[in-house]
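What follows is a set of structures for review.
In what comes next, subunit A is part of two complexes: it sits with subunit B in the first one and with subunit C in the second one.
Right after this comes the complex of A and B.
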């Protein structure tokens, strides 16, 4: 083929090159409990998967990549993010290869590979390193508070004298800036990977304005349907029995609780910020009530997942990687300590309020600053992958009809 | 057939005088008959015990054998006749071995329970008048529930011994059979008989049991009428078939497209059967060929994980079937859904076409059910342990060298009691176990007389 009269474009030749990573399987197995070496390629998992659709089949395709050591394929296929782990593939696998747990492991692998400077490796390769990486920012924070806290007033509760509001805001801005840049960098790496998989753009026939319209529409649709309502999660339902289906429904609502609880807390923080910085003229009670309710909702959701992972009575919870625990613990304690701050504040317990405030800030800032590198990263990667896949599919469909 | 008598405990049974035999063969299928005939021909006294009302096992139900397409009942029926009429073979049908106690080398005391037929077997002439008189119709086990039988019935045309029996579970006690019987052989008061025998060796040819397709709920067997098992298709294709044409159960339509789902209950951890049943690929291919003859316009698709055509002439048979136009699709069927008109939708991943998620529609679906170990045979040995493998097949201490030997000296096993296999291999092992038993008996004789014996039975 290479001796044809028309020379191949250089870029394509490099794309053709396939790199085999003989350690891929070992790397994946370190992050999950599964036995895909037992796979005999019957395709049962793909055919039973409620989210598998023509053109985006999973999970057997990824199992094949893993067995062949095609690490670039694993990282660059959006199907990693299309799985919500209902577990029906695992319960019906004739080889008990546990494809569901494999998909989770592939997702962990993708998070590592899509992070800039491979920072996420620190949160996935070893427990010790992960704990160290997690404690970096809280320790810095502790140092700052130790050196620059205000007067400790004990006869009344005055948080903002103890820790100046300005300090929190400045720290918050730094964290948000770091977070924003990391998210952008990681999503860019993911975009590049996904583009490599898609190959040459099939959209040449579709006008630029139409393409832009499709991409914008997909963004809005995914934002509403998949981020806010998470409709695919409801489709991801092990329908093998009614009991299984019911479990899937609980899992969906627990996930919604964590998501909306977190969103509510972010909203409460923003309102508070608005009141303090820009003189937003709303009652501070709104942000307080929103914060308390959201915090409780998020804790209930996180507690459900912690309970399931301890009990190990569902396919998704039979195995837990330490990254799963870290994410849940940060979420739960972030919520709990926030709740404590509010409780102590109303109870007028000054010292307890200050201590829990410091702990609360450590947990919640840590949760945010490590977001792009921990399990939390799925909150950015998944919608992004869904957006790209949806838009590309629609563009290529439009290209076919015109 | 699984017709349990209403009284089947030792308590209500009659004890008969003790009999003596050289060997007890447990199981009267193609393998057990082979062992019994070989030993009988060599002059040994054989006791053949069969739990069903007739000997013959499974083979007489089948249409043709693979890969030669020989008529199955034309091979098994003469063999059944030879066995039933052999002067050295004593047959106990509709009987189960309850215990076998080894009291020394070449000395087993066995107790066999003969279930009541509620018909005097010696007097019955198999005239069928009771069958005609009986007003009760129930699904026929022989025809895989595709046709009916009476509560007073002869199991099937070529049954041996050919005697009527009464299925008391479905009997309405109307007495019509009793009035119709010209020899007065109906006896509702019959009780189980307990036979005690002393045998010098035992051959276990207890066979297999078919996988119950209901254990795979995503295939909806027993719920969707047009999902049938391969054994039911064997009946449709057999010369003694229940219907004159191949029709699907729901509406009697002649199917225009038939799908085979392979590995139902085989190579499947979810039903705890990790092994290959060894015959399903080939019998499905055989049925596909026969269907192309019976329904020349029908499309036939076989959905498989791997085609295992390993025996003599098997690969050629597979290639030939492919060339005849059967569509072989690599991909395990994950689930089946029924459409409004009774057609069925099959969901699978089309592995050989880029792993595309696919579904297909068929008029009739045949589940190629696998084979599993029979009922627990180890339990009859009260003093010794009959070793089984984790699945439940009888395990030889020397599988490569002496596959028919078991963990109990003097007890031999053959056929599908050891593991899944096809008809010729089962027959081979029947002969093999017979020769092992003969060697055992002669060795005992030599030890006893202390002399070198030239040959011949004691």
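Right after this comes the complex of A and C.
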């Protein structure tokens, strides 16, 4: 039953027992679950959670796993990813044990434990280590630019002379390859963990083709409903008061802004890339306008979260782990520097454009390359977990009806 | 009033009770029906029989109409029997010639749906009361002298506390303790809740207080072997076992081989003790060592003789002592439940200890390098009865609190224990009642892990592969698997059981045992420290599980009850006891064999020879002897067979309304 990287003596599979680890709570407390040991297991949190459903109860179940020290259970239950932290459990907890913040901590913990080679530990265990890990790639980048940039033309703005397009292209390919492989590796670890929790195949009675159909349909549904529209986020609403509910709505739209802004920026980059590399015959203005609008939208979203985390006036923002800040700062400055590049470009300020380009590339490449190990990883883990849960539940339901 | 040879003159009063009775019972019909009963001189219905005006009316009737019996049909005698006995007294009658009929609780309230039936029943009950009263005789309360001292059995905190209170009331106290030192089990605790005081300090403070008082005679190594007499006049037989030590001045040090190999009783076997028992804690009393001769060979005796010289007297013999006392307080304590061998790994694994042992381990600073500790609750308590075997069905009530409290002590010692400390509490239910909830709260906040197990599937302790592991199914977690907790120590949270060495005590004190085999009080709510044996009171844990506070409170309750007796110059007891007509007694002694209270004695009667005689101070009036007497020589006063027959006859007579 032993999982994770901690070496343990091999156990017989038949023995139905799960080992308790006395250090789990210490780890979780470091990541924000400060009050959770006050929990006396009443279950109010689960009763009130708008996202808790039969079969996927949260957060009490996970709190028990944590208190008992069941490391493997925490990382192998998809419920970690089913929470969107509306905070209603925390406001209604009779013990002020802050179950919402606990769920966030469990998520941070899950990100650490689902990353290959425990790379994510570097971004979660200490602030210093985290800063070092974050600066690795930007420093390399800076070194590369310092040694291989082109002529600095100051009488007109010519970015691609300063930094050759090919260089960006190659760097981009390397980053994307690394990113892709990391995402795959981490998702594989997660899949393995989730499968372990699910035990045997959900239902062997369902035919392979039907199962494949269910999985495919779930993928599409989750992709549209939960990734693009993020419907569960709207359900995650602290309805304890109208004001709370309103705050929840703002939070949803801010999240959507960040998400769609980022998506827009990715789209703009792709279009630009297409024009440059494959001679795509569309106006460069399309990618520019899309980029500017998306950048602004993303920055507004990120700014909202930064503002909330500074003001600490909502349950979700009262405590911010440094990993939360890192993610928001990378997002915001990634957007801001991109915006600056465009602005300076149009203003014809050559040097300012080149400098902000370098900074922008450092931020945005860093954001991407660290994605599978930082808070950004939720963008891959959550849809993946939702997909697996949805598909498995449907397969098992199909197995029961046949 | 048989010597008067005239028909008794009865006054009958039926009470409306402001509608409580008269709404359902036609009290006028009752009055009229009873007016026709032979001997009834006056029958009245009154609004409130207990009111002053009604009482005065009765007294006037007694005087004017020359009544010699009164009967009141009203509420339960528990409420107003004494009121109307006093009316009889004030009217100049013998107070025991009053009798009652309960027509409220047993009639009007019970038969609200049948008014006619209620009225018939009220008439029957009233007739029976009149029939009884007709045959009642003036009785005198039993008067007994009182020995103005109290015997306290047990020198733990309950006994010492009771002794102090009694001494403060000016009463001579004999405090006897079977062990060589005072202090009892409390002195063995490293921590007692609330307020975290050391048990030995609590005991030492009480001992110091007791020693300040002249009125307390303390006997240690003293065992109660018999108790004769009755309330106000007990005679206790006490066996004084020799201590052998007269002073603690050793001339030379003891040879090392006398260090001893026997498991120490005080440390629950966690240390060894030799034949010489030293005072086990600071403030213990007496400050003299005691020699356990059974563990002392001839060589040992010789070395002790050499070492202590005149300070020891190895020729001491046990002595018998008779202590006279007006009342007895049993404060004889408890035993911690001793798990069976193998129960949760007890005695099969050295790191499985009881809660009491944990206290000693902490006190003796024997805990080192423990990181994970599992506490298993309810060991030996709340057992489910399956067969005929005695089980402990009760909750020992102090253990949850004690486990919390010692856990907080351990958490404060975290650094000493090796830094990293995790406590797992495996419980069935947490019962940290009252203020103790704060302990639970603190334990929760300090990350003590609580795991709820079911009594049907208790935790298992295994030591396979040299690693102590507790396997348990946690009822609080959605989990198919059992939890496997690697631990360094298992603490069995053991409760309290009746003290084994007190087995003979119920017999000696003639106090019954309850369902849980502890000494039993008369009534858990109304008479919580009194026993079926008048004059014998119970205090502390010999009555059932209690914590330190509850023990001391019950000791003070018992001491005030005992003081109430010891301070009397004379005891007055109800006269409803058995008495023997010596002329009819055939001396079968069946009565004596039946009597649980030792009230039957045999005396020489002039001209009749040896006959049975009832010691009224001891008799409870239960009637067991009456039932077995083949000649009917023994009868209960105020409850004779004739009276019962007359009542039955009256109850059966036809009622016409």
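The working rule: the second predicted complex is superposed on the first by the 385 of 402 C-alpha atoms of A that agree within 3 Å, B and C clash if a C-alpha of one lies under 4 Å from a C-alpha of the other, contacts with A are read in each partner's own complex, and residues count from 1 in each chain.
Just so it is clear, a residue touches a chain if its C-beta (ideal position, glycine included) is under 8 Å from a C-beta of that chain, and two chains touch if they have at least 3 such contacts.
All values derive from a computational prediction rather than experimental measurement.
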item	value
Clash or fit (per the criteria above) of subunit B with subunit C on subunit A	fit
Touched partner set for A:41, first subunit B, second subunit C, both or neither	both
Which superposed partner A:54 touches (first subunit B, second subunit C, both, neither)	first
Touching partner for A:121 - first (subunit B), second (subunit C), both, neither	neither
Subunit B versus subunit C as contact partner of A:393, first or second or both or neither	neither
Which of subunit B and subunit C A:25 touches, first, second, both or neither	second
Partner chain(s) touched by A:226 [first = subunit B, second = subunit C, both, neither]	neither
First (subunit B), second (subunit C), both or neither touched by A:69	second
Contacts of A:91 with subunit B and subunit C, given as first, second, both or neither	first
Cα-centre angle that subunit B and subunit C span when viewed from subunit A, reported as a multiple of 10 degrees	30
Smallest separation of CA atoms, subunit C relative to subunit B, angstrom	5
Subunit B and subunit C footprints on subunit A, overlapping residues	40-41, 57, 61, 64
Complex interface listing, subunit C residues touching subunit A	371-372, 420, 422, 424, 444-447, 449-451, 471, 474, 476-486
List of subunit A residues in touch with subunit C within their complex	1, 16-20, 22, 25, 37-41, 57, 61, 64-65, 67-70, 73
Subunit B partner contacts - residues on subunit A that touch it in the complex	40-44, 46-48, 52-54, 57, 60-61, 64, 91-96, 240
Complex interface listing, subunit B residues touching subunit A	217-218, 263, 267-270, 305-306, 330-335, 347-351, 355-358
